[in-house]
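Listed next: structures, encoded as structure tokens.
One chain, chain A, links the two complexes that follow: it is found with chain B in the first and with chain C in the second.
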Partner chain A sequence: MQMKAKSRSDKFFDVIVALVLGLWGLIILYPFYNSLLVSLVTQETYVKTPFMLYPEEITFESYLHVFKSPYLWSGYRVTLFVVVVGVAYSMFLTVTMAYALSRKKFPGKGLVLNMIIVTMFFGGGMVPFYLLVKSLHLVNSVFAMIIPAGVNTYYMLIIRNYFQTIPESMEESAKMDGANDIAILFKIMLPLAVPVMATVILFLAVDRWNEWFNAMMFIRDSSKHPLQLALMRVIQDTNQLNVGGVPAAQQKPLFSDGVKMASIFVVMLPIMCVYPFVQKYFMKGILIGAVKG
Partner chain B sequence: MKTQISAFHSPIKTAGKRRSLFREILLNKYIYLLLLPGVAFYIIFSYIPMYGVTLAFKQFIIKKGILGSPWVGFRNFEYILGEPEFWKVFKNTLIISFGRIITGFPVPIIFAILFNELREGAYKKGLQTVYTFPHFLSWVIIAGIVRNLFSNDGAINNLLFLLGAEKYNFLASNNLFRPLLFITDIWKEAGWSSIIYLATIAGISPELYEAASIDGANRFQRIIHITWPELRSTVVLLLILAVGNCMNAGFDQVYNLYNPLVYDSGDIIDTYVFRITFLTNPDFGVSTAVGLFKSFINMFLLIAADRFLKLIGERGIY
Partner chain C sequence: MKKMKKIFSLIIMAAILLSVVAGCGSSGNTGNEDKATTQTTEQNVSGTEATEEKNPFEKPVEFSFASFGSIAEDEFLDYVSKKFNVKIIPEALDWNNWDQQVNTMMASNDMPDILQWDHRPFKINMFKQWVDSEMLKPIPDISKYPNLKALREKMTVMDYFQVDGKDYLWTKLRGDNKWNLTGAMGIVYRKDWAEKLGMAKDEYTLEEFMDLAIAFAAQDPAGNGAGKTAGYAEVGWAFPYLLGYYNPYASGLVKIDGKYVWGATMPETLEGIKALRELYKAGGLWKDFYTAEDYDGNGLYMANRLGIWADNLGAELNKLRTDFVNANPGADPYKAVAVMKVRGKDGKYYMQEWDNTWSAYLYSATLTDEEMDRILAIMDWAAGEEGTKMCQFGFEGTDYEIKDGQIVTKWQKDEKGQVVKPAYMTTADAIRNMACLNGDFMYTDPTLDSKTVEDLMSLYKLATDYPDQVTLAKLNYELEFFSAPNRDKYLGTLGTDFKAAVMKIIVSTDDVEGEFNKFIEANQDKVNAILKELEDAGLSAK
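Up next is the complex of A and B:
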């Protein structure tokens, strides 16, 4: 919609911007590329070649070592469980609450809303939280990663705002047909809110997938460690990969950096593959939240 | 006269209200049913721990639990405020948080402005995927990558060596640790943080730009006089939130990147509390006292930032 042709200084500006942004893109990509290289070479190559830009020889020995480790596999199992159960549980709590709070007036609505907002600013802190989880007998249980992470206030408000934009006429005609609030939620609101829900589900899934802190505080059993915690232990000490029995047979000493980078890639792989496809959901989610919130 | 009549009417009105309040509750019973799980969750996991804050004023004896432990008044606070190590981490927390704001806060803004100028297309979309990707990775992963990159045999040091400079021990140097925190944080988050600004910019009417270019403004001037003023209120809001949050200096990142050699510059309140609570001889009362102290400072800073910005003419949060 330009009324006049771009001046030369404009075009020059365009080129500079494209270059600077491209450079930034390379800066983001480079550390991943470097880690990939380290994961694919032997210790000799790594030590011999200062500043590798391409691998002279590729070896999969680091990856093989990682794949033979029961610790990472159990990590994957635990994390998948936590993601599936955790997201279902969180969505149940979040959607019911979001819907209820999106209804017009009812006694106590303001009270509940204020109660929730307060929690965004005040908390008991780490110690009371720890004592609470302990008293709920969740210590050393995978549910310690799921139950305390129930409702994310920010996501709940996003869904609530969306419900509020659904025209009242739909609710009214359903009520005239005799439907109660629960039926309205399931038959009318949810089908209409699919995009928002998909976005929040994705956000929740990423949060569960990246969970490590609660696990570190509460879970002693290494077979119950989620993926991120397993990775953290491996980065601290590659011998962790032997945890769970069947120590990997070694012909020569382990290339620990290579194994660490291979572990990182194995853990990163699902997100790397899925992200380009779901990226737009995440961005839409932020926009809905930011514009309305 | 009017007041006399309404005073006469009000008892009747109140009785009517009470009846309809009960009816209101009954009418909305399903809403309360739907509300129940979520409210129960907040009560259990947000409000009950708040009661645990009383531990800050008690000496915690495990066998007696929170309720049974004896009160010690402000003794925990006196203890912690007298600990030089506490002041060290308090100072670090402030320095790191404000350092993050100074170095990291402008980047997404500049980024959004530049990115907005780019022509739509596959290049732009691809770049956006790349920029926003690191935000979704945990610090466990990113710290693992960073540790390798900046290690003594790692690529960065190798590059320095090739260029004739000397190698640095990035991860163990008190001078370099904080800049490392800032840089890696920008690397991870700038792309994602810029989205909010991008959305705001996208909302600016193109006619404003056209009018400006007809008046002879070049790209740069258009950015300063149109884009920036529109961004200002979002920037101010986010700045207030960032300042109000500055007692949380990024536990995830620091915990995954630090080691005892850099405690002097890198240890923050949260990592300090974590260590004294779980790793050494825990005194839960003291740990809770620190957490409480932190919350108060947070509140204070939030209000102060809000007031300050209102003073210089911006709209605040409250």
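Up next is the complex of A and C:
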């Protein structure tokens, strides 16, 4: 079929659309850019021009304060551990559960699936959850950020749906060749499910990277706090929130907004460095679970 | 293959069974069972040594301490640990989720040995439940701790938290106001701008104050451009502070001649709201006040775009002046951030009484008497002369020396000339906070500007030195600690709803009286229910 050549009005329309969307993109990007600038300027510069296009002078004082914080490096260490171990643990549980629930011949599958789905809508509440974690001796342990978050039901359903799209004939021919379920999962299903695996791994990695709530509730030792909580602590100390109504002790006065913005970039940077390499999987993965129900 | 499948299945089943067994294995407080068994052994051993006088700190003690303080493994902690033969295990609390953390720990019976808690009066019932459930250890007789005894006498709010005559928490004295209970809520303004406009005065009446705010916005002394300079703004959490000049009890209940009345129904309240509306219409009140965050106005002030700012000056005045000079090098901080004296329609200054404490510590019932004694010993030291000096200045010889009876610090200064205290001063602050806040440090802190201290002192002493010239919004512990179903349900939200209603009326163009009467009508039943409960309790005349 031959493409119709664009008329002048079409081209004009395209230009308008591009301009509007470009402006919209700038509006969305500017706060991000401004945050970067705030992290690089002094309080004097920020106060005079809170919304700036370029900094008059650059200072790394805020970043220096963040990087000198005793909490930061332990935070990075803990978060990396949680991401690596947590993702491996979650993937193992999620994939095996998804595979089992994708098989047709699974007695009681419907009941099991419904019970799992109910957990997406209802929970026991904070106190029962705390007691459960405490009974597992996970209070004040980094595994409190890993074990309770073992299976994400939504990701499990995504993988399950994908497994269901793989033709049964492949499974049958493998079985005829003597393969068991484990072999079928690892040698046939997983190689075919690389896109969804990569997507779910990325989602899980981001979830673990952003972990702070379980750490806040269960981990009392600051040296075991993940990055998010460590940086919240840095900001909290800078904002003099440790006393009420009287000035708190500080080594020296700091530009608290600058420290806040510097903390944001310190947390975001690693993920932003990784994202371009996994972006295609991210985009595919969003649609994967939605297409097949 | 079949064999492998069976082996794998067996392994998975074994793992599931093991996790179930491990989960059923134990319950109750982690670590506290160890404490309970060693306590019995220790008591048996100590009984035989009772007749010998011994070092009170001979036995090492360990306790966990959950607070907002930053306690690091540094020289200061090392000093305290060795002096008292203790190991302090700091646990971090999160400011934004403080209540949730505390409530979850208490509900799960898994509190640390010392836990910082927001002890506001409306939580009294919850506190009493914790006491009844034997989760908290009472503070023993503190007569052998003279510094703590002296602190206790100043903290009258603790009397309201007593159960069966015992203290089950320790509130933290702020220490900034040594003379009375007035808080440091006040107003600062651009005296330099006022001089430029020929409107500078030592004191302002309310009308003159409003005229000044309008003039700042209209005449733009900083040259920011039309509409870019705001007249007056206040810190968000204190809104509507200015209304207090008309009626200090506008948003709540006040006892008049033995009978509680609703402040909103008093004619002065409506008069005040009308005045605020006029101020807003005339441009004197910052036009974005109702959408701003609490401290956004502070940013405007630093940027030379706001003329008058109301805030907690006790906590903020020094920071305001320091930040202003940092943001505007060469500026005169005393003129740019001058404390403003304003007299209300009754010719008096308006001040608010605040509780002189902030937050409290709860002590776990699992603490042994010896551990509690050690904690109290540290607290008494921190509140005493030696501990106070160390916690505020550091180590004598290294951080300071005494010359002619005065403390002279040896702290370094950075390239901007700002004092840089040793890193361990944050630990020192946290240790002092075990007993009290460091509010009294303002009187000895060499880095604090003396003029700023003078300004604060004159603010604090006003109600004591000139009581007939001050309209004081008094603290009412009787009402704060009164608990009844409707009072608990409605009184807190009444204040929040009042604030929202006033905000809406100020910025709208509807008739002030009509809109305000609607608010009163909508809430009158709730107020009547509370008043009835007060009457039934004998606290209000019928």
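For this structure, a couple of remarks:
As a working rule, the second predicted complex is superposed on the first by the 255 of 293 C-alpha atoms of A that agree within 3 Å, B and C clash if a C-alpha of one lies under 4 Å from a C-alpha of the other, contacts with A are read in each partner's own complex, and residues count from 1 in each chain.
As a convention for this text, a contact is a pair of C-beta atoms (placed from the backbone, for glycine too) under 8 Å apart; a residue touches a chain by one contact, two chains touch by 3 or more.
Just so we're clear, the structure is a prediction, and the values are computed from it rather than from any experiment.
By the document's definition of touching, of the two partners only chain B reaches A:34; chain C does not. Within the superposed three-chain model, A:180 lies in touch with chain B and with chain C [touch as defined at top]. Touch criterion met: A:121 reaches chain B, while chain C stays clear of it.
Set against each other, chain B and chain C differ in how many residues of chain A they touch, and the higher count belongs to B. When the two structures are aligned on the shared chain, A:193 is found in touch with neither chain B nor chain C. Contact with chain B, but none with chain C, is seen for A:275 once the two complexes are overlaid on the shared chain. Of the two partner chains, neither chain B nor chain C is touched by A:205. Judged by the touch definition given at the top, the superposed model places A:158 against neither chain B nor chain C. In the superposed model, A:217 lies in contact with both chain B and chain C. In the superposition on chain A, A:261 makes contact with chain B only, while chain C stays out of contact range. Shared interface residues of chain A, touching chain B in one complex and chain C in the other, are 47, 50, 126-127, 130-131, 180-182, 217, 229, 232. Those residues of chain A that touch chain B in the shared complex are 1-4, 7, 9-10, 13-14, 17-18, 20-22, 24-25, 27-29, 31-32, 34-35, 38, 46-47, 50-52, 92-94, 96-97, 99-101, 103, 106-108, 112, 115-116, 119, 121-132, 148, 150-151, 156, 180-182, 185, 206, 210, 212-213, 217, 228-229, 231-232, 235, 257, 260-261, 263-264, 267-268, 271-272, 275-276, 279, 282-283, 286-287, 290-291. On the side of chain A, the complex with chain C involves touching residues 42-44, 47-48, 50, 70, 126-127, 130-131, 134-137, 139, 178-183, 216-217, 220-222, 225, 229, 232-233, 236-237, 241-253. The touching residues of chain C, when paired with chain A in their complex, are 1-2, 4-5, 8, 22-23, 26-27, 30, 64, 66-70, 72, 89-92, 94-97, 100-101, 104, 107-108, 110, 112, 174-176, 183-184, 299, 302-303, 312, 314-315, 318-319, 322-323, 326-329, 354, 358-359, 414, 418-423, 425-426, 428-430, 433, 437-439, 441-442.
Partner chain A is touched in their complex by these residues of chain B: 21, 24-25, 28, 30-35, 37-39, 41-42, 44-53, 55, 66, 111, 114-115, 117-119, 123, 126-134, 136-138, 140-141, 143-149, 151, 153, 155, 158-159, 161-162, 187, 191, 195-196, 199, 206, 210, 213-214, 218-220, 252, 256, 270, 273-274, 277-278, 284, 287-288, 291-292, 294-295, 298-299, 302.
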